[in-house]
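Chain lettering (A, B, C and D) follows the sequence in which the chains are written, and residue indices restart at 1 in each chain.
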Amino acid sequence: MKNKQIFLTIFSVLLGLVVGGIALAVSGYNPLEAYGIMIEGVFSRPRYISWTFIRSVPIILTGLSVAFAFRTGLFNIGAEGQYIVGAATAALAGYFLELPAGIHAVVVIIIAMVAAGVWGGIAGLLKSKFGVHEVISTIMLNWIALYLNNYIVFWDKFRRPQSEASQKILETAQISILGGLRTSGNEFIRGIFSTPVNLGIAFAVLAALFVWYTLNKTTLGYELRAVGYNRDASEYGGINVNRSIVISMVISGALAGLGGATQVLGVTKEISVLAAMEGNGFDGIAVALLGNTTPLGSVLAGLLFGGLKYGGPKIQPALGAPSEVIDIMIGSIVFFTAMPNFIKVIAHKLKKKRGEAE
Amino acid sequence: MNNADYSQKVIEMKNITKKFGSFKALDGVNLTLHKGEVHALLGENGAGKTTLMNVLYGLYAANEGEVYVKGEKLTSANPSIAIEKGVGMVHQHFMLVEPFTVVENIMLGTESVKGLGVLDSESAKEKAEEIMEKYGLKVKLDEKVEDISVGMQQRVEIIKALYRGADIIIFDEPTAVLTPQEIEDFIKIVEELTHQGKSIIIITHKLREIKAMADNCTIIRRGKYIDTVKVSEVSEEELAGKMVGREVNFDVEKKEKEAGEVVLKLENLTVKDNRNIEKVRGLSLELRRGEILGIAGVDGNGQSQLIEGMTGLRKIESGKVILNGVDITNRSPKEIIGAGLSNIPEDRQKRGLVMDFKISENMILENYNKEPFSKKGKLNKKAISDFANTLIAKFDVRPANEEAYAKELSGGNQQKVIIAREVTNNPDVLIAAQPTRGLDVGAIEFVHKSLVEQRDQDKAVLLISFELDEVLNVSDRIAVIYDGKIVGIVNPKDTDEKELGYMMAGGGVHDEE
Amino acid sequence: SGGGDEGGESGEKSIRVAMVTDVGGVNDQSFNQSAWEGLQKAEKDFGIGASYVESTQDADYVPNLETLLDSNNELIWGIGYKLSEAIKTSAENNPDQKYAIVDYSYGEETPENVVGVVFKAEQPSFLVGYIAASMTETDKVGFVGGIAGDVIDGFEYGYRAGVAYANKELGKNVEVLVQYAEAFDNPAKGKAIANSMYQQGADIVFHASGGTGDGVIEAAKEQNKYAIGVDRDQNYLAPENVITSAMKRVDMGVYNLVEELKDGKFEGGSTKVYGLEEGAVDIAPTSSDNVPKEILDKVDGIKEKIVAGEIEVPLNKETFEAYTETLK
Amino acid sequence: MISLTEIAFILGTTLMYAAPLMYTALGGVMSENSGVINIGLEGMMTIGAFTGATVGYFTGNPWLAFLAAGVSGGLLALLHAVASITFGADQVVSGIAMNFLGGGLSLFLSRIFFDGATLTRPINLDDKMPRPFNGIFERNSVLDLVLNQYATVYIAFLMVLLIWFVLYKTRLGLRIRSVGEHPKAADTLGINVHRLRYFSVVCSGILSGFGGAAMSIAVVSNFRPTLISGQGFIALAAMIFGKWKPQGAMWACLLFGGAQGFIIYFGGTGVNISNQLLSMIPYVITLLVLMGFVGKSNGPKANGEPYMKQDLNL
């Protein structure tokens, strides 16, 4: 059962790579060369590996957010907006609060998660109280979050003059790790830490553990899953369905918000005007789906997509090949994961062929 | 019914085998239907009856065997071909599009059009009126299907078949959802149909109906053909024996028992339904320890709202529910369960089980947050699986695997899981709503035994059922519900179906207003 | 197609120069594209290797700069003020690498290995403001901004000042409608805003709003009104309607600096300010197609005055208010 | 106060913004009434916008461009159909994939056709969609402001009428809706569920493609990566808002369009409200309306459920 799932996932990824390769080949680029560049672009230097992790963290967290909601029967398209709210709140709290180093970061993360949790919770509340489908409410909330972000950036007390960005967060709120290692004698370590590598990846792993533990080992998880699968039976069993929906969206939102917060505290140190959705939430959906909505799956899928997103664009300066092939690949991978039946048919055909050949 | 003309075979199914994956649902089944005949198809749950009929109707392609309709062999499986050949089917779960009007449902698939594909409802209505006239089937054509009663919906299904010119009609468990009155009407309709030369195949678990309607009966067991018998020549017991392959005990074994003190008291309850209409209207009732109180009534007289109100799933507008002297009116389901009221819900898949949960997880649905299943919000996996395994063994749930998902269980086994859970709650009052709906005789036997056991342990059982047989056989007292009120309480020994049916239809009730 | 394919293959080319675009992308019909054209010209003229990396979100700037750092580029460009922080950090971490940034000045704090290239956008804006005020028949002209900020302020207030100057000189009373789209890539909104301005009676609209401005020009075409382009000569988008453009020759800034680099004259730690004097800002050469000669003659006169310092063009609200005082 | 011409301006802008949404929302109506959730409208709209702009640029024929946009959207939808109908895929997942593919393919192809640019070259005014009432009314008069729209706007309204008619007045529509409500019932009546679903899903792609083109060859004259950015999702919301009915979706789209019109209007009045806050209004209104007036709106019953007669016989 489990092995089968893993097989299907790996097969989907391979098919996605094949589709991407075909797209490159048809447009006159050597797919092998392109993939070579991507792989080199991710693995050839310690620094690149760091960057891949940095790129993965936000989408792992939004992926966990989406996966968590999914497991409780909710489709959170709003991870995008919750991420934005988390980021914006983190930037505000990182700049305006004055607290000792370390404590500051912790407080900021908590505030950001609460804010994003509330943002997710709104969708939960709308669903439980008014029956508004979460897909539509979260789409609306995404846009509201985007404009809210821009509003915050443009707030005169917060906007950094001469820019479309906010003030930088204070040093005390940053979560970069081991700055000293940047000047380490060991080249590998120096490479790894020459990037804004930060505690984000640790948070992502912790979040994955949290999701796994909560869903599978706690009564809360039991309640949330029960409600996700069958509201009527849960109600009958004495579970407060409305409360569960809200809690689930709050947790989901907080996870996405953590993504936004780590990005601000660890990488960008600021927020800036968003002209359009950055897509972290949508990538999170892809991550969650490829990861079969499991925590471990989301981490792995997040790393894969993070690698694609970091290493992929390198084919552009190197080959002049359109880096959008990455989106085509991600789309294909998600497409194939959507239809396990297709893969079963192919696998069956292959098996049969092999059988005939023997 | 004796309208059969044995010289004309309208259906011949020979040696039908149908596999789902590696599972053989049908294994060499034969069936012959003659013109004007009513032919019953009998078998346990999962025996393959529906599958066989789906093959006949072209919904499934058989892996082996042949189907002849009026002497012509069917070459490919497709409902349109069956329809064209005059085969109609009324499915167990009605195949009606609820938001559509009756006439839209009737014409769907064979719509009259005016050109450019524009619907011509008027001519469809005319045609439908003719059919209704001819067979004495009355329905309102412009109403939406979701707004009409189940009995009416069945008529729509019949009209649908006739509208397509069917002269062979298959009924899959047609009476399972009907009231006694509606069943009687249905039998008349069948009579009329055969009278007009239609041939009928009918699937039912109710042996009495077979006796009442059918000329012949084919019995299948676990996908295998067992026998075809002339109904007039066999008894109900013989039929049942052939069906399950052993002897079946119809009577519910029950010792005499004195009822004890009052444990549940309903005082003047009023409950509304989703459309804000009062469905329970000033209902009062007392339930004692050590008795099974049956509530007889036609579907839609407030039973569902009554149960939901008592169990905290629906608001009680006025009145009181008193359990063991404690007022539990409008408490949360959790509190009510805690107070000692358990419920085998009417719709097991909707309310009773989380189909995507394992058996073990379903077993603790009401107690997941209590010790030993959890402590401080952390689940105790071992305690849960031990508990589940005990119940699985005790109630003979198959498969005996706590990791199996509820959706993988058959209906009977799903019901066992629920009963195991509810009974183990050790409630003072157990509400059993339609506990045997859709189950075969073997499974029904088990459920009834469980209810009686509760009673014998001095618990109170409130049995709500549309099956008069069941109510009569199992209950110690019977309360008849009509229009949201209890209109009479009778002793099962002093009454019969006729009297009950009369009361259930509101006979003898004089509205105060 | 693409960037730098030629640059990649040959090791003989002595110098490699690369740029990181902002989120507008290399073909934004605006300053990114202009910068890339400058680099391509330099590639042709000096035989350097040129390539680019596009950014799709703000978080891409740093890793993109690193990608270029690893491919042996003599000089790395950041295009647009959005990259200012990333360039600064990168420059501080890699003191041996040369950087340049368009549209941003670090002032005193410019790192030793960085050159800022900024343009006096207010100057050509002043000129087009003068043209607009001279040509309007309704005495109403419009300005559509992208997102308010120092760079776009220069355009807005330069333009307003040009109108004010013309009002005084010609005794007109031309009013300026101003509206911001709060976006640099929303042509639909640009179009709707321009439509709104034309509906309110404006007949010439100047935009400094990147891709949003495509919509402004679209509206001018549809309504058969006038528009004024920005950054590059946008006349080709609507030859009849784009009467002039406030050009900011980013290409020239890029090209010149690469030339200096090639000649070994790269001077880090400084900011290059390009204005009318250097010919790096100006009105579009196609202006003569639509603007009467006598107006253009006057514009030439104004140019001289600006170069000579007789007119000090305001570049933000404060300087503009001060400037209008002098006109009274 | 607000004058008649200003109201006319707002109305005109409303129509401009609403038309692309209307096509796409109608696409959603088609697909979901047949029981296939289409969350991939955004991707289909994007590829339509790209194809419209590209074909329009190279052929100079707006009608060809419009049709090609529909075809491209339809082709993408065909993928969605294969997955969600033939292979019983999770329709939401497949739809998400469509969004990645639609966006990715558009930019990828744009770079190939336009020398590495993700921005296509603009189409001449004369080669854009015609404006049937252009020049008939005095420029910027009330009637001109409201009615001088691109043909795509008028076609959008015709489409609403057409799809309403098809869904509720014809045999085809009855069958499509039956397949979305109760596919098994339809199947037992000899209706080919898969064929109808394919038809509806492909139609939804075609309509979304039209919606994209209504943006790229009418509202503006070229394609750029951010041209659609989220309109497909707005259209999806509009469809739900409109209770899965063509006319309902139309009103919802007009509401979104109207909000945009107001934002532009207010932005020009010098009233000191932040543009950012104004921009939130349509989304806030939608939430409020859904909370207050619409409440639970349920789609077709079988929406999202694959209909597989039996497991794949391997």
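We adopt the following convention: a contact is a pair of C-beta atoms (placed from the backbone, for glycine too) under 8 Å apart; a residue touches a chain by one contact, two chains touch by 3 or more.
In UniProt terms, the chains line up like this: A = D-allose transport system permease protein AlsC; B = Xylose import ATP-binding protein XylG; D = Beta-methylgalactoside transporter inner membrane component.
Only a predicted model underlies this, so the values are computations on that prediction, with no experimental measurement involved.
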> If you count the contact pairs for each chain pair, which pair has the most?
Replying inline: A-D
> Can you give the whole-Å distance between the Cα centres of chain B and chain D?
Replying inline: 45
> Which whole number of Å gives the spacing of the CA centres of chain B and chain C?
Replying inline: 77
> Which integer distance in Å separates the CA centroid of chain C from that of chain D?
Replying inline: 36
>> I'd like to verify one number: the distance from the centre of chain A to the centre of chain B, where each centre is the average of its C-alpha atoms, in whole angstrom.
In response: 47
> When you check chain D against every other chain, which residues touch at least two of them?
Replying inline: 111-112, 116, 118, 226, 276, 279
> If you look at chain A, which of its residues touch at least two other chains?
Replying inline: 150, 154, 275-276, 320, 322
>> Quick check: what residues of chain C touch more than one other chain, meaning two or more?
In response: 1-3, 182, 185-186
> For each chain, which other chains does it touch, given as pairs?
Replying inline: A-B, A-C, A-D, B-D, C-D
> Once bound in the complex, which stretches of chain B touch chain A?
Replying inline: 311, 313, 332-334, 337, 343, 345, 347, 350-357, 361, 365-366, 368-369, 374, 377-379, 381
> Which part of chain C faces chain D closely enough to touch in the complex?
Replying inline: 1-3, 25-29, 177, 179-180, 182, 185-189, 191-193, 195-200, 211, 214-215, 218, 221-224, 237-238
>> Using the touch definition from the top, list the residues of chain A that touch chain D in their complex.
In response: 23, 27, 75, 77, 126, 129-133, 135-137, 139-144, 147-148, 150-151, 154, 275-277, 282, 285-286, 289, 320, 322, 324-332, 334-335, 337-342, 344-345, 348
> Of all residues in chain C, which touch chain A in the complex?
Replying inline: 1-5, 8, 18, 23, 51-54, 56-60, 62-64, 66-68, 70-71, 81-82, 84-85, 93, 104, 147-151, 182-186
> Quick one: in the complex, what on chain D touches chain C?
Replying inline: 5-6, 9, 12-13, 16-17, 111-112, 114-119, 122, 125, 131, 139-140, 145, 215, 219-222, 224-227, 260-261, 264-265, 267-268, 275-276, 279
